[in-house]
């Protein structure tokens, strides 16, 4: 990978933070997204003490190895780096990991309800697991491994009285998974509030819809749209 | 129809997209409204890859025939063009069709509840049908015909785990039908959440109110108001 | 009353519309507030076809007599002028009347629930009556009189599948009554959604709080605050 | 304490008001935060007649003694100064007191529900008491003492049909306690609306998380983030 390609990836990682904040998942200086270093040195992560909306450029990201040592870039490391390190270690298929305190996902984490394919976003998911052993910050490799074990081969995991973590095979997919999951939970939570009997597609139908919409092209369309919302008109080239 | 009249219609179709986005029915690059070509060649539809809020002018619309061929204008065609083509084919009284992923309508589509004339918006509707055979994208003429058959002679149809489609005898009416339907569902959903016993007007009273408010004059007042919100002051002539 | 005093009252009436819109009670071109003409000629009312947020000045108001004739000013008359004329006719203590389609009040109108003194806003009210005979527009003196009869000596009346009407001894009080009522209903509706058993102050305690907060001084503090939000900084004198 | 240190504290107190307003706890001219005068003369409090968002500088604060006499600064005193005076008198560990009408906290005050450690904010609290003897304004030392007695050694107290009061050992902690409490209640209220069975951490786990997040460093990170949102870019130095 060339320097130009690396920098393009880091620009995308910075943008992923701003998109998640734009989508309402910001929580002051909490929340972060990581990207597996393409040279195998570890992972790139937002630095601490700034909000996701404030990740302006590559200078707000740093490279840490899988043991948490900052090996490139500056800034204070997030305490919860083991979420990223241990998920990336256990999931070679995953290139990006996100962690936020999205409202509906956080309260859903405090229930035993299975997630249903309600709404266009719900069909993207099988029922993601819930990590309910502790609400502690995930500050140690041990807790990171426990969380990764609960995640298993799923797209996402809910953390009781804490938030959610979500993954993707690209930064873009990971970001959209986080957005879709929060929307799916909001839909299910809202319908539960009504007391109306809910219906949802049968599993084959839901999976077929997922295959239609969770595509590179579909993800790129949404990503590009969101990127336009966050790029000042004066800087637009396309 | 003169070129000037055609262009005025297309300007209105572009504005309909921006109004629906302003009213909260945008979903990134999803959602689209069509207008029956006055010369009988097919239908005008928003191009893909931009948001409803980004439909700035006639250049963002193209003409497709009822088999989906783009015959005027540029840009990528929406996959779900058969929603529009098949509804327009089966409903000669309909001049415009909208499809969005409005939140409350989408979750209402996952229930068997009839829509009640609750709220000033609720009185506009008889109980619109629900399309629950599949949550699939409507990408084929076959699915478009199935959806049109469920719609029947109604104003709108809810699509399970997908969204809603709505029609009108003009672009303006179609747009307001979409806005009113989402508001009507939100009112019914909210009252259901309280557990309070709900009351609504008897059918004759509801229909009389509908006749008072679903008028060309009433629709134009609201349309003009919304148009003012979306037209920069510097471009206003009236 | 001098011309200067009349104009100051009309400026206040124009501002009342903008405040109600700022507080979320706007509904495109619907909603209007009236003021009893101090010279006894009838009532001043917002003209039709503009939103409450668009009532920029005295030029957007006109004087109509109690039979609905426009006797000063320009612009199209609101169809629902009889709400104002008949309430003002039957209630000599009332100087101003408002009518909006506020969301929570409108759905509350579709229930038989009594309003409770829940929240700081709830203590302002005894249980306002509900007009549920018809959801029709109030376009005739007959319907205006029926509505005024339901209102009786109360501060406000809920209109099923329509909205609410509210009154005050001044424009300022009327405006705050509309704002407080919607807030009171929202609080009661929200607590009902939880299923929690609700408590509220006993009647004497609630009335004592009302006497503490529904004062000229308290109303003026809130009014002045809201006025500052709607007056461009460049036009501020105080 | 030097004049420079005093002024820094007052700047922080002014900012605390703007932060609470930014976080949605503003209610026109209602709501106020106090700081114990470091020289032991009484307490610094926002002046009346302006909104929390309008507390622009030290000039909007004044010093009152524990009997309510304004002894430095200008402006009208808030009627509810005894909330601050009596809590500060009875709680030597408390340096700052806030009082707002935050929506969810206010309705929660009308229930007998205990607060649970649901959500990352919920773990900050034991179950704060509810003051339900009266909904009256707290305008007298007697009522202030009754409220302080209900507060006891807790972080916060809910006031039925009124609002909430909250305390901290610093202005920053007090402000964050107010923000976290409203968020905690919103989470519990929302989950109750669904009817889903809720789970929460056991007491030891919740307290361990509290110890991880309710730290000077954690509070400063959030405070600094919020301060950046409210400081015009042109005035930023850091």
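In order of appearance the chains are A, B, C and D, and numbering begins at 1 in each one.
Here is the rule we use: contacts are C-beta pairs under 8 Å (C-beta built on N, C-alpha and C of every residue); 3 or more make two chains touch, one makes a residue touch a chain.
None of the values given here were measured: they were computed from a predicted structure.
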**Asked** How many hops, at fewest, get you from subunit B to subunit C via touching chains?
**Response** 1
**Message:** Relative to subunit D, which chain's C-alpha centre is the most remote?
**Reply:** B
**Message:** Under the over-half criterion for shared residue numbers, do copies subunit C and subunit D use the same patch or different patches to meet?
**Reply:** different
**Message:** Counting only Cα atoms for the centres, state how far subunit A is from subunit D in Å.
**Reply:** 33
**Request:** Compute the distance, rounded to whole Å, between the mean C-alpha positions of subunit A and subunit C.
**Result:** 46
**Item:** Multi-chain contact sites of subunit B, meaning residues that touch two or more partners
**Value:** 193, 195
**Asked** Touch graph of the chains shown: is it line, ring, star, complete or other?
**Response** ring
**Fill in**
So the complete set of touching chain pairs is A-B, A-D, B-C, C-D
**Prompt:** What residues of subunit C sit close enough to touch subunit D in their complex?
**Reply:** 117-120, 122-123, 187, 190-191, 193-201, 205-206, 208-209, 212-213, 221-222, 224-226, 228
**Prompt:** What residues on subunit D touch subunit C, complex-wise?
**Reply:** 28-29, 48-51, 54, 101, 103-104, 106-107, 110-113, 132, 134-137, 139, 160-163, 189, 192-193, 195
